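Next come the structures, one after another.
Both of the next two complexes hold subunit A, though its partner changes from subunit B to subunit C.
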Partner chain A sequence: MNTVKKVLAVVLAAALLCLTLTACAQGASNDPKDTLIFAQGADPRGLDPALVDDGESSKVIVNIYEGLIKYAKDSTKLEPCLAESWTVSDDGLTYTFKLRQGVKFQDGTDFNADAVKFNIERQMKGNATEDMPYADFVYGYVTKVEAKDANTVVITLKDKCTPFLYNLAMSMAAPMVSPEALKKNNNNVNEAPVGTGPYKFVRWDKEQSIVLTRNDNYWGEKAKTKNVIFRIIKDNSARVVALNNGEVDMIDGIDATVVDEITKAGNTVDQPDGMNINYMAYNTQSSICGKPEVRKALSQAINVPELVKSLYQGYATPADTILPSFVPGFSKDIKQVAYDEAASKAALAQAGVTTVHVITYSNPRPYNPATGKALAEAVQGYLSKVGVTCNIEVFDWTTYKQKVKAGDFDICFYGWTGDNGDPDNFMSLLSDKDPSMNVSRYDNAAYLDLIAKGKAAAEGADRDAIYAQLEQNQVDNSVWLPISHSKLLSAYRPVVQGYYYHVTGNIFLSGMSKTK
Partner chain B sequence: MQNELDAVVNEQASEVVLEKPESQLKEMWFSLIANKGAVAGLVIILLLTLVAVFGRFIMPYDPNYSDMTISFQSPSAAHWFGTDQLGRDIFSRIIDGTHISLTVGISAVALSLTIGTILGAIAGYRGGKIDTVIMRIMDMMLAIPSILLAIAFMAALGKGIDKAVIAIGLVCIPEYARIVRGCILSVKENDYVQAARVVGNKDFRIVFKHILPNVLSSIVVRATLGISSAVLDTAALGFLGLGVQPPFAEWGDMLGRARGFIFSAPYTLIFPGIAITITVLAFNLLGDGLRDALDPKSRKI
Partner chain C sequence: MLKYIIKRLLMLIPVLIGVSIIVFVIMRVFSPDPAPIVLGQHATQDKIDAWRVANGLNDPLYIQYLNFIKGIFTGDLGTSYYTKTPVLKEILSRFPATIELAIAAIILASVFGIIIGTISAVKKNTIFDSAGMVTALIGVSMPIFWLGIILIIIFSGTLHILPSGSRGDPLMQPMKVTGFFLLDGILTGNIQSIGDTLAHLILPASALGMYSMAIIARMTRSSMLETLGQDYIRTARAKGVSEGKVIRKHALRNGLIPIVTVIGLQLGSLLGGAVLTETVFSWPGIGSYTVDCILKSDFPVVQGVVMLVAITFVLINLVVDIIYAMVDPRIKYSKKEA
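On to the complex of A and B.
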C-alpha cells in the first residue's frame, strides 16, 4: 500500500514538473520583445465605442479603432486621420470630409463614405438607443449625413458648432466601426470589435486580459510591436508590484503615494497635465460674494502656487487659466489675481467681510486627489490670516452636488474634466444656465456674447483669441479662483521605447517597442 | 413614619447585601490601587483630563493655524510630532483633540447610561408587556452593527461634536438597559425590596432608592469600559469623515486623512494612532481594575 502511494506521488510530481516546464518553454518561445503588456485597474465596460463611456474601455478602443479626425500627440489640436481633409461652409452648417482612400476595416470591409454614414446614422436622434451615452454629445447637432461619392461625406448641422470637429476626434462615439461587423453582431460589437486601427482584436478573458495583435493591413505606419496585452489588475498596489517585478510593462491608475516606490525600482513615472481644472467658485448671487471687489480681495488672500505645491506635492500644476496648456485657445498671457495679503486684508476690512460660508466635498476627485475638505481647509487657513472666518460644511459627493445646485453658499469647490479638448467645453461652464454646471451663477452679457462667437467661429487663431478674451473676462470679474490642473500619472519600465500617455487619458501603443 | 420605615428597610438591605458602606468603599479602593494596571489607567486618565482642560496653555502652536510652506515636516525640535498636509502642528492638534475625544466619550456614556438605566429599570421592575416591548426594541438596536447605526444617526443629524455625542450615546443604550434589567431582575425579589414595597414605597422610590444602589457597581464598571469604546467610536466616525467640522482637530479625523500618506509621512498617522490607543487602553485598564475590585468573589482576602 505504501509503495503504491509513493509511486503515485512520484508520478504526480513528475507530471507537475513536466507541466511547469512546458509552460516555461511556451513562455520562452515567445520573445518578450514582441509583446507589450499594459495593466489597468478595471475591465472595460465594452469595446463598442458607441456603447461605453469609461476610460478603461477607451484605452483599448483607441488601439483598435480610428475616427475621421485625431488629436495631435501632445495636445488636443486636430489632425487628419480617416478623413484626409475637411471644409466648413461659410454659414458654418455644412461640413464636407474627404476620406482617405484604400482603407479597409480589419474584417476586410471597405472603409468609405457609406461606412461613415452608417456609423453616424446609427447614433443620430431616432436611431440612438438608451445605452449610447455620448451619442447626443457628439452627434446631437447633426441633421443629415450624405455620401456624396465613395470618398466624400457631407454632414449638415442644425446650428453653428465648431466643437463638433473636436467631438469627432473623441474616443467615444466618434471612432468608425465596421458596418459588416455591426450587422453581424446585432448592432453591438462590445465583444467583437472591428475597426481600422493598427491593432486588431484577438481575445478577451473577462476580468483578466484583452489580447490584440498587429493589423498587418493597416493603411499607415504599422505597429512596432506584434502583440499587445491589456491586463486587468484591480488592486493599485498589486499593479505597482507587477510593474516593479517586470510582469507588466506599463501601468496607470496610480497616485502620488506610490511614485517613490516605482522610481526606486528603476521605472519611470510619466506625468503630463491632465485635461482638467480644479477651481474655487464664488457664488455671484450671494450677498457677500456678489461684489466683484470682495471676490478679488478673497482671491488675493490665497497663495495658489504655495497651496498647490504643498497640497498636491508636485502632482498638479498651479492654474493661471481655466484651460490646460495643451488645449487650443490657451493663452500664457493670462495671469490670475496676484497674491497680496496686505491689499486683501485692507479691502476686506473696508468691505466689512468677516465670515464666509464655504461648502465642500469630502472625497478625492480626479482633478483634486487631496479631497475638497483638505483644499477648503487650506483656503480657510489663508483667509484666517486676512481676518475672515470660513464656516466650512463638508458633504459627501451626492449631497454636495445638491447643495451646490441649491446655492446656499458664498464659496464652493468644484472641477471639470474635459470631454473633447475643445476650449468651449471648458469655457462654456460659466455661461451655462444650469447652476449645477455654472456653480458661480455667472451671468455676464459680454461673456455670453463671446461664448456664442466662439461656438460659431472657424478653427484657427481668431477663434483662439476669443477664448483668451473669455479667460480675461473671468480674471477681471474674479468669478473663479482657478487652483490647479491635476497630472495624469502612469508608469513604465525602461525597456519601453516611445512611451507616451495622451492628455485625454488614452494610450496609443502602435508607436511603442521594447528593447528586450 | 415613611422615613423611619425606610431607614429600617435600608438598614436591613445593607445587612443583607452589603457590609458597611464605608468599609466596602475603602476595601474597594485598596483592592483597586493594589492593581498596577488600574493605577496606571487612573493616572493616565487624570493626565488626559488635565491636558483636556488646560491643554490650550501648553500647546506650542495654534492647532488650527496652517502654514502651507511647512507642510509635511518630520518631527523636529520645533514641531515635536511634525506637521500635517496643511502645515499645522500635529502635537498641538493632538492636545486639542484630547478635549474632543474625552468630551464625546464621557458625554456619550452619560447619555446612554441615563437613558439605558431608566429603560432597563422600567423593563426589569415592571416586567410583562412593557419589558417585552422595551427589550425587543433594544434587541433590534443590538442586531444592527453599532458603527453602522452611528453612521446612520450621523447622516440624519449632520456633523458636529454634539451630534457625535448623540449618535454614539444612542447606539450604546441597549448595553446599559440590558445590564440594569438583568441586575434588577436578580435583586427585585430580595426581602428588603419586598419590605420596602410592604411599607408603601412608590415604585419610583423603590427602584432608585433601594434597587439601583445595589446594581451600581456593575453599571460603573460597564460605564468605564463604555468610555473607551465611545472614544474608539468617535475616532471611527472621524476616520470615516463623519466627525467634527473642519478645522477642529479630532484624532480619528487626523488618522483618516493621514492614511494616504502612510508611506511618505508616517508620523501624520502614528501620533494620532498612539493617542487613541493610550486613551482606550487607560479606560480599559481602569474598567478591568474596577471590575475586579467590585467583585467580591475575585477579591483577595
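On to the complex of A and C.
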C-alpha cells in the first residue's frame, strides 16, 4: 500500500509541476496586441512565387512580396504598386513601366529596372524550369525585357495580350524577388523569401507555423502590427476551436456547417463572393446533348436559385453569368435560360430524351463545397420531374478528371477558380482546345473570334462589351448551366480591426491590428 | 550478445529490401501520375512529358527502383516533387516532433498502464479492478481521432486550460539544439518553453497513448496475477516481507518481462501510427505529412518515410530484445550460453 501511495505522490507532483510550468508559460507570453495569428488548413508548398501554385503559399507570399501592379481592395481592378505608372504602345505590343523610386528589398538591395528584368527573364522560355507552374501563363507572351534606365522597364510581347497586365498583379510568378537572394539560394527562395513587402520572413517551422515581422524599411505605410504568424491547423473543427478559444485571431477554409458555432462564440464570419464559377457542362459532342435545343430544355428544367439556396445554405450566389460580379466585363444584363418546367418537359418529350449519362466528383471543391455528388443528385431530382432519368457515375477527383478528358458523358459538373481577375481567364475556357479545360468541347467560330478580339482589345468599355457578347453567345447556345459563385468564408475575432479577405482568396495583413 | 546484435542487424537487410519493394510498387500502381499535381492546372501535355522525363518516371521500373535503392545507400533519398526540398531534410525536420509525441505518449501509457494493471491485479475482483479494466476497455475501443476531438472540446474549447493543438507557441520556442522541444528547453534553461511544450504535449500524448495504456494495463494485470500466484511470492509473504516490497521487488520485477515487450512494440506502432493524432492536433510530425504526400503522389517522400519508419521499428524491436535480457537475466542470446 505504501508503494501505491508513493507512486501516486510522484504522479501528483509531476502533474503539479506540469501545471505550474504551463501557467508560467501562459503568463509569460508576449503582448498579444503585437501579433496577428492567422490559421490556415495546409502548409504552403513554398515561398518562392515562381515555384508555387497553391492558395496556402499565396496567402503568405502577398505579405512578403509585391508585384509591379496590384488589385484594388474589393475587386480585381488594377492599381499601381512597384510600378507607379505604365503605358501601352498603340500596337499593343510594348509596355513601358515607370518604377517607384527608393524601394529596397528586405535584404537591403535596391529594387530597380535590373531587378525586374532579372525576375522576368528568370521565368521566360529557355530559362524557366519545368516546375515553374505559372511562368508560361504569366510571361508566355514576353519576347524581350529591357532596363531603359534605373527606373524604366520596357517589356515587348509577341502578340497583343491585354490579360498580361492582370497577370502582373497575380501572387504567382509576378511578385518581385530579390535577385541577390535568388543568386545566394541557387535560384530557389522557397525557404528564404526576400521581397519588398510590408512584412519580412523570420522562420518557417514546417507543418507548424510561419513567422513574419514588420519590414521597418517598407516604402509605403508601415504594417500596423509588429508580428504575423501563419499557423497550420489541418483539421477544420480544431481550427474553429482554436479561433473560439482565442488561440488564433483569424481562420479560413471553413464551411457553412460551422458558421453558427463561430458566431455564437462572438466571432465574425466574413463572406465575400469568390473569384470562381461552379457550373454544369453539356458535352456538345454527345449524341443527346449535341443538340442546342436539348441542352436548352434540360437547363429549363432546373430551378437554379432554389437549388443554390438549398444546397449551399446562402453561402453561394446563384450565377447568371460565368464572370463573378467584380471582374471587369461582368454584365448584369445577361440572364440564364429561365426555369420553365412545362416548356422543358414538352421539348424533351419531342426530342425523345428519356435518359442522360451524368458523371460527377465525390469530393468538395472550392467552388462547390457541397460536393459534386450532392449537386448531381439535386439536378437528378429536377430532371426526374420532366421525365428524364439521370444515370449518375461518381468518381474521386483524380479519376474524374480523366473521365472528363475522355468525354464519355452527356453532362458533367466542373468549376473554375480564376487566376488573374481578367475576364479572358474565365471566358477562354470555352475556346480552349484542351478538353480537360473546355469540358463541353464547345467549338463555335463566332465565340473564337470574340475571344481573339477580347484578348487584343485595350482595357475599357469596348473590351467589356466583347465579354458581354461572349456571355450571351454561351447563353444562346446553352453550353453550360452556370450554377453558383461560391463565397469565401473566413472568420475573425472581435479584437481584430481592419479585417478583409480579398476576392482572390488572399489575406493582406499589413492594415490589420488588434485592440488587445 | 554482440553476435546476436550483429545477426539481428544483418536480418535488417532482407526486411528492408521487402519493405522497399512493397512501397515502391504500391506507389507506382495505386497513385495517380504526380506530374499534373506538381505542374498545376495550366500544365500542357508537353510540359507533363518533359517533367516525367526530367524526374526519371519514364525510365523502366527496375531502373527507377535501382536508383531508389542507390539513393538509400548514398544517403540521397531524392527531392520532394512538390516542394523541391531534399527528402532527407523534409523528414528530419519533422521526425523529432513525431518521436517526441510518441515518447510522451508511451511514458503516459506505461506509467498509468502499469499503475492501473498492478492495482487491478492486487485488488482483484474489487471495484478498483472493475474500474481499471473498464477504463482499459474504453481505451482499446475508442477511435483516436474521436478521443482527440473530445479532448480538444473539453480541455480547450470548454475549460480553456490547454491549447487545442500544434507543438508550441511559435514565439516561445526554444533555441534549436536537438529538434526535441522539451529537451531543447531543458538544455537551454528556457522555463517558459518547457511549460509551453508540456501544455501542448498533454492532449495529443494522452489521445495517442490511450490505446497503448489500455493494452499495457491489461497485460500488467494478467502478468501480475500469474506472478502473484507463484510459490516464491507465498514464500516471501511467509517470510514476513512487507506487501509493498512483495509487489514491487518480487511480483512486478518478474511480471515486467512481457510488459517491456508490449511497451516496445507499442512504441514502434505509435511512431508509425500517429497519423490521426497528428492531424487532429496539428502536430507537425511525419505521420500527417506522409498522408499529404501520398495524396500528392510525392513518391520520393513516401518511399523515404516508409523506409525510415521501417528501420526505426526494427531497431526498436532489437533494443526491446536487449532490454528483455537485462530485465530477465535467465535469457541469454549466445548459443554456447544457452
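To be clear about the criterion, the second predicted complex is superposed on the first by the 487 of 516 C-alpha atoms of A that agree within 3 Å, B and C clash if a C-alpha of one lies under 4 Å from a C-alpha of the other, contacts with A are read in each partner's own complex, and residues count from 1 in each chain.
By our rule, a contact is a pair of C-beta atoms (placed from the backbone, for glycine too) under 8 Å apart; a residue touches a chain by one contact, two chains touch by 3 or more.
This structure is a prediction, so every number in the text was calculated from the model and none was measured.
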Touched partner set for A:131, first subunit B, second subunit C, both or neither: second
First (subunit B), second (subunit C), both or neither touched by A:378: first
Which of subunit B and subunit C A:434 touches, first, second, both or neither: second
Per-residue touch tally on subunit A - higher for subunit B or for subunit C: C
Touching partner for A:209 - first (subunit B), second (subunit C), both, neither: second
First, second, both or neither for A:370, with subunit B first and subunit C second: first
Residues of subunit A contacting subunit B in one complex and subunit C in the other: none
Footprint of subunit B on subunit A - complex, ascending: 255-258, 260-261, 303, 306-307, 309-311, 313, 362, 370-371, 373-374, 376-378, 380-382, 384, 392-394
Subunit C contact footprint on subunit A (complex, rising order): 1-4, 7, 11, 18, 20-26, 28-30, 35, 42-43, 45-46, 51, 53, 130-131, 133-134, 136-137, 188, 190-191, 203, 205-209, 211, 227, 229, 231-235, 237-238, 241-242, 244-247, 398, 401, 419, 434
Subunit A-facing residues of subunit B, complex: 64-69, 71-72, 85-88, 159, 241, 245-247, 257, 260-264
Subunit C residues touching subunit A - in the complex, by the definition given at the top: 32, 36, 38-44, 47, 50-51, 54, 82-85, 90, 93-94, 97, 111, 115, 118-119, 149, 152-153, 156-157, 160, 162-167, 169-173, 191-196, 198-199, 202, 242-245, 247-248, 279-282, 284-285, 288-289, 292
